[in-house]
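Both complexes below contain subunit A, partnered by subunit B and then by subunit C.
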Partner chain A sequence: MPETIQPAQLVGSNPIRKEGRAKVLGQARYVDDITMPEMWYGATVRSNIARGRILSISFPPEIPWHEFTIVSAKDIPGENTIVHLTKDHPCLAAEYINHPDEPILLLAHPDKRVLPAAVAAVKIEYEVYPAVFTIEESEAEDGPQVWNPNPADVAHHHHLKNTFKTYLLQNGDPDEAFAAADFIIEGEYHTGAQEQLYIENNGIIGEYLGDEGVKVQGSMQCPYYVVHALELVFDLPREKCRVIQTETGGAFGGKEDFPSVIASHAALLAMKCGHPVKICYDRGEDMVGTTKRHPSRTRHRTAVSKDGRILGGTIDFAIDGGAYATLSPVVLSRGTIHAAGPYHWPHLIVRAKAMATNIAPHGAFRGFGAPQSLFALERHMDKIAGVLGLTPEEFRRRNFLKTGDQTATGQHLLEPVDMQALLTRALKEADYHAKIARYAESNKTDPIKRGLGFASFFHGSGFTGSGERRLNSLVEIDLTPDGRPRVLMGSTEFGQGTNTVISQVAAQALNLPYEAIVIAQPDTGHVPDSGPTVASRTTMVVGKLVERASRSLCLTLTNSGYVPRGYTPEEFQAGAIAYLAEHGECKVSARYEPVGEIFWDDEKYKGDAYPAYAWAVYVAEVAVDTRTYQATVTDFHALQEVGKVLHPILAEGQIQGGVAQGIGYAIYEKCEYKNGRMMNNQMTNYIMPTSADLPPIHVHFEETPSVQGAFGAKGIGELPMDGPAPAILNAVLNATGIAFNTIPLLPEDIFERMTRTSDTGSEALEPAVDRDTRVEAEVVA
Partner chain B sequence: MRANAAQYELIAPATLDDVLATLATGGYTPIAGGTEIMVALSAGRLPQKPLVSLQHLKELRFIETTAEAYVIGAGTTFSDIRHHAGLAADLPLLAGAASWTGSIANQNRGTLGGNLVNASPAADSPPALLAYEATLKLVSATGSRTMPYTAFHLGYKKTALLPGELVYSIAVPRIWTGYRSYTRKVGTRNAQAISKIALACLARIEENKIADIRIGAASLSAMPMRCAATESALLGQPVTSQTVEKARAALASEARPIDDIRSTAAYRAAVAGNLLEEFLQQLST
Partner chain C sequence: MIELNINGKPYTVDVPPMKRLLDVLREDLHLTGVKEGCGEGECGSCSVLFDGVLANSCLIPVLQAEGVEIGTIEGVAIGEQLAPIQQCFLEEGGAQCGICTPGMILATKHLLDKYPQPTLPQIQEGLAGNLCRCTGYSRIFAAVEAAAKLA
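For the complex of A and B:
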């Protein structure tokens, strides 16, 4: 048994996970473990074309269709839409198809084993329309128009073809910088799609309860998003759409928006067949049918002086949103703001756009746009350094933001920032200087080329700009009948440690043991909306609310005299029971209030983009085997300043997991598409790295408490996704002398570059000359 | 699961003779560890055909050691092979292949016989058994026969197995004293991967010349292949850079790699040449 931790030291200690025991003992019940009396099973009939119009749907006689319940768009009582930020996304395709595997019909049957044959038997004929599958095809002037804004929302959208959203972030006048530049350096950088690959696939059980409305339970991050979606699909008031999160086996953003789709589907089938209906995707369906990380293209044009100062630049950032807008506008927003990185830009324009393609919609994934634009930036920083003849270290040191500076959005950095010290420590931890000198020697003869690279970056915690104010999150704490504080919030545990960290915060604020705290199951019938569990906001923003509500509970009980000041846990419990006996209930709450002045202008994209930032330097060491052309990460150091670390083991685990996911993003995981359909939708051919592919991941923290978060915490969930890819490709450049600017970087890509002969365009192995980017470094001075 | 398992017939006769009698009636497909068939079933790709299980047959699961050979029952699992001290010492190419086949769970279920009969060009054990010149014993209700393993693969997923016939055992000679061995699998990752290219090589050097050479390869053609032209180019030659170049050219001439979801033909051909060169360089040291 672990030693009992004194309440006053809970924050910063490592109590066992709140739900750990149930998981280890196999008692945790995931949606696929849950059955209900008279429950049926649902399945989805999907399109097998990328774009077109449904001509006919027929049901061949070999299937006993009378046994099945069949739902089409016509059965939807409310609006045929899955609402996120706009209403372009149908719940079921009624006439037009915009991506492969788009849901058209839903089938339910008491025996799930008969569903696959029935799904396969439905015959759908289409008129096929031309489709687009890349950003370039989507923006091509002579290409088809594949997306139109919902007529009701047209005013909010840019009128560029196939464009979900654009942003213009402007700070000064880059033309002035280009006119004064010694060097202008251009580069183009690409990132691919990535599958979240949570262990538990998407699954939901839907029920239709007549006058009581609809009820769904299942695997998800954001129960209140699902409520909002059901309100529209069923044309029901919010209180008649009840959503319960069951134990959730991983999410990474992949269960932020998609559960709204599968929940609507399960509930529609339940309404029509009169039974609870469970839909659980298998891995193949989950991978072809649900969201992935947005592919991106970033073009940099940067003016620098010969003494290594960034004078200004332009960044053109484009992401592929897939067939419907879903969360693309907000992914684009985070990518836009992070595009400038932790550097001082006297003049900067970021032009950003989210494009439509005929691929299943891309959605939320840990990092949310930032890994894409930061990959481009941190590769570009190494490129500029090479042109200037400075080391990657020295060039960055001359341009880092520091305390008191303004970011690209004009945000004053009031809390302490010390990128110089972070870089110094990270390079020291990684033994960077000695190793690059040693490898420069050994690479002359060794067929395995070794090198190190790093990335310096930041990640904003919480919703962008005015987002937290709009969310207006609420947390409540009440007392259980046995006198224990119970935290009520819509924030969810999906493997990352929400319940544990929130319990630590509540226990310390209440001066009670960790074990005394109860976390209520997220059930929108009982818990308030504390905002979505996304955006590295839960520990910082929701944790702060829990801290405030805990103090409020403490005051309620002590001021009323039921609990003495300086109480023991026993006195608290006895007093709480007495309070309940007298008053029946005890509930306190805390609602979001900005800490200090937070100003944000959504139109001009100026102001305080995030309440707080985590700062980091990640160092990767790679080995590139010139016999197999495989790059392997052989060592990794991740240093970050994340405010107060509330649970060091969980925090370290978050960083290690994020780095592993980032290594996969950089050099293993490639979504292979054919006509818009993912072809490698199995874990055997979607190549996620295993433990045998991963290096030791050394995690180091600096702790500078922030006023924004619970006990000084800032967000860490997404941060570790941002740094690995550019650090690794910078290390490959250091090892091989070849600049690669596209991820994933697979052995076949390295082979292609290393064996390119002179008559097919030889690579001068000079980092400043970078033909892979399709744009040459331009020297104007 | 995209199939209805209840719609498949599966029988498990008690003895090997009963299984062979069942197979003789035609129409039954044998299933051993099921690591291939169950994947197809789950994906909804397994044709509706009756299955006869071999998994319970102890008669097929053995490793016999004689002075001349190891005789491995076709139902022997990769884990059995991996944990057999004699095989690890004497047949490192085979023990290595068993250790990197699929996951531990796959290794606990998957059998050597199944790996050969499934006949994937990317399978892990064939290159080793080709290099070792294993001999297969095949059985049916009417009798048994032996054949050199090098004659077993006829084309893509096509083998010399006749209807009603099973692989009974795989005999691998123990004559490798004085041989240098080399094997390397280049997969899509370091574990739980299907090979993009793999080589298993044996060579004996006498008086600075290659006196014997055997090279088996995976994913270099439509079936597991013994690289005969490459071996001819090397036999009797000293290991010089000129020999290496000739061997690489010979390998390129006989390789028929393809582009697929895992890699490209050009990559496979080049890496095969690089691995061959790595092996030859090790011979010269």
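For the complex of A and C:
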């Protein structure tokens, strides 16, 4: 037997971020840092009404229009659509307007400084139609119909007015539970829109290369989504739509679907003017014109027994999708499945719908529907506990899912789950019991009211249900001329650590140093489609493919005899070079295969919703100043079970960053709209947390390796977005006795409730009266 | 003609006097380590050192920069050798997407010049003009603390 070398434990260690050196030197090249010879600049002329019809477009003579290239819908060689799941979303509005700031015309000019005045000068006259801006206005029977489904879709499904998508998740018969209930508790919960606020705005450079087709490069998460969009807009085959991801300065879902729009625009201008065209939005345009998190409304009606068991319930979950469907059906899907949380529901119905409004389309944002429905659920759990006279802890303990149980979709939890232990540890880490006792005393006299709250939740890793099978992801590894393994994948780095973690996985599987691994730039001309970089799937699903492909490369080279078994890195490299000299190329691949049986019924919404789940308990401590009405998070503990942690420093950074966004979602970040247009589209008045606003964020991991992911990893990217908001509002309830059920919770909201006369009482003291929601708690026994 | 001193080197540029220093650095001098995040002095991505003081280059007309010692991220490393702050940002995970990193490193340099051994509140305050959407700042604080220890 040849001597085997013990694999270095790269997985679980903290190698330096793969592209980190370029970033700390300021040498990383983002799209706006790139210029090309003869490059022009593009800008977008947008609607200034929410809904209506274009009557005329004119170009006042004070602008030298002959210097500009102007693109309208008529210039589109293929279909005037940005395809996501359906084709309702035009690339450029041709006649009808469905939201403010909808793109109508594109302008290009060699000097970007002249563009703003030209955009402002274009005169567009409209016939204005009535518009809707909220879920309630959209669903009103006497309101206008603002969205028409694709006729092809109507043939298959019964469509309700203004409704992009509905789901019905049914498990048992809640009526039985209501009949047997000791208490029926209702509640209504709302969440607002949230801006991703990546610090690098959206930007793309488009080129038109004649017979070679179109080429775009820029800031994005999913190069193959952009390929698909370009195929339709340009009526070109896939191989003539080349898409390259440049260094991307944050995304958080905000560069999942939108780059298809800006890429189509830049390439259309390039085709018409004959130059490369760069479109980089400024902050104001990015904030009004691109996607945000879907606002939501969730109504819970829950049957419980006196001894604190959930008997069953109904959950009505509605999200505001904005003017076009974009990704709303899949955001709704994730929200629907997560609405039940980590609890056992003997009977449950979730009715979910995504509604159309005349607001710029809402889209992907970290968490993807789950933060919305989990906010409602975890606030509702505290409410039920209050009605029953149980602590939030005890009520949850009586209802947690455990290993072997079935989730609301009927999925058997085969891998270990221990919410009881997670809760115990999280509360201990946060010193929860001692602190709530201490604050109950100090709150009697201190004008600053302190309290703690928590949220228990899960997040499914990977695409929902049969999604991963449909994606059919492919990863390749080849050898560079100097004998180094190079990973080829469409998966992208945008700060979360894809390049680093994938290099660790490949190096570990190949028993090579981390530095030996090369990650190819995502360029659809050279890399295969490993699926979109979304849904907390890259480390788990793509990582597993990289692990398999690495083993395959190892076998290929050792079987060839060029590389000895039990090789040293030097022997690997020398053997790889020799192999290339003989064969010219060495490329291996791995395609997605389900790990174990995965059953999913898309019609009935039954089965194995996700291949794996991350489980978590987050504890927030708050201080509410009764003189300024400001709620501040003063301490935060995030405990999660995420399988094997491949890179502890990156993982901790992911959790802390997600928690920070979650704190913003809960108490700082509010999108203000007027007639459907975001009014605070600036960093000066859309308030994200600064370094001075955040508490210490303590991150704790439990590691239970999963068979689903690379070296036992599960997804973590989205998880930390789910827990903070409900934990914080539960803490505000603990601190003040006031139940707030809407986020963001700003000082003016607290002021309004605290200064309201006569009914500032406590949910805990008078359990039957809920003073915030529009639905009264109903005590039937 | 406007004369500038950037990272200790003299430059002469022929640009309108009201052109933003940010644009002159990026477009005329190709020093693209300085980034635009908001264009209104809120996010700090365009931070430069202006006679040693942290300043938002998106708010400075280039004329005002004449006779000023301007420091950018390109001047922080010593040749190929990373400065200790850069090394600490790398090792502690202080950079994720990297777009705020040049500004954040200059803010740290400014902070450590002022307080060689800063307390956590001083770090929080000193970096409060530089927004980061990825990290929640914790690992940036760790990087600053590590850099202070090396000083």
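The definition used in the following text is that the second predicted complex is superposed on the first by the 761 of 781 C-alpha atoms of A that agree within 3 Å, B and C clash if a C-alpha of one lies under 4 Å from a C-alpha of the other, contacts with A are read in each partner's own complex, and residues count from 1 in each chain.
Quick note on the criterion: a contact is a pair of C-beta atoms (placed from the backbone, for glycine too) under 8 Å apart; a residue touches a chain by one contact, two chains touch by 3 or more.
It should be emphasised that the depicted structure is a prediction, and the values quoted were computed from it without experimental measurement.
Peer 1: Between subunit B and subunit C, whom does A:Gly495 touch in the aligned arrangement: first, second, both, or neither?
Peer 2: So A:Gly495 only meets subunit C here.
Peer 1: Determine, under the contact definition given at the top, whether A:Ala692 touches first (subunit B), second (subunit C), both, or neither.
Peer 2: both
Peer 1: Just checking: does A:Tyr629 make contact with subunit B only, subunit C only, both, or neither of them? Give me first, second, both or neither.
Peer 2: first
Peer 1: Could you tell me if A:Glu247 is touching subunit B, subunit C, both of them or neither one (first, second, both, neither)?
Peer 2: Second partner only, subunit C.
Peer 1: For A:Asp282, select first, second, both or neither according to whether it touches subunit B, subunit C, the two together, or no partner.
Peer 2: Both partners, subunit B and subunit C.
Peer 1: In the overlay, answer first, second, both or neither for which of subunit B and subunit C A:Thr684 touches.
Peer 2: A:Thr684 contacts both subunit B and subunit C.
Peer 1: Classify the contacts of A:Gly26 with the two partner chains as first (subunit B alone), second (subunit C alone), both, or neither.
Peer 2: second
Peer 1: More residues of subunit A in touch with subunit C or with subunit B?
Peer 2: The partner with more contacted residues on subunit A is C.
Peer 1: Answer with first, second, both or neither: which of subunit B and subunit C does A:Glu672 touch in the superposed model?
Peer 2: The answer is first: A:Glu672 touches subunit B but not subunit C.
Peer 1: Quick check on the output: what are the common subunit A residues between the subunit B footprint and the subunit C footprint?
Peer 2: 282, 682, 684, 688-692
Peer 1: Where on subunit A does subunit B make contact in their complex?
Peer 2: Going through subunit A, the ones touching subunit B are 113-114, 116-117, 120, 282, 284, 626-630, 668, 672, 679-680, 682, 684-685, 687-693, 747-748, 751-752, 755.
Peer 1: Contact residues on subunit B for subunit A in the complex?
Peer 2: Spelled out, the residues of subunit B in touch with subunit A are 1-6, 39, 42-44, 186, 188-194, 196, 261-264, 266-267, 270-271, 274-275, 277-278.
Peer 1: What residues on subunit C touch subunit A, complex-wise?
Peer 2: For this pair, the touching residues of subunit C are 26, 32-40, 42-43, 45, 72-74, 76-77, 82, 86-87, 89-93, 95-102, 105, 123-125, 127-141.
Peer 1: State the interface residues of subunit A toward subunit C in the complex, per the touch definition above.
Peer 2: Those residues of subunit A that touch subunit C are 14, 16-17, 19-30, 32-33, 196-201, 247-252, 282-283, 494-497, 649-650, 652-653, 656-661, 682-684, 688-692, 694, 696-697.
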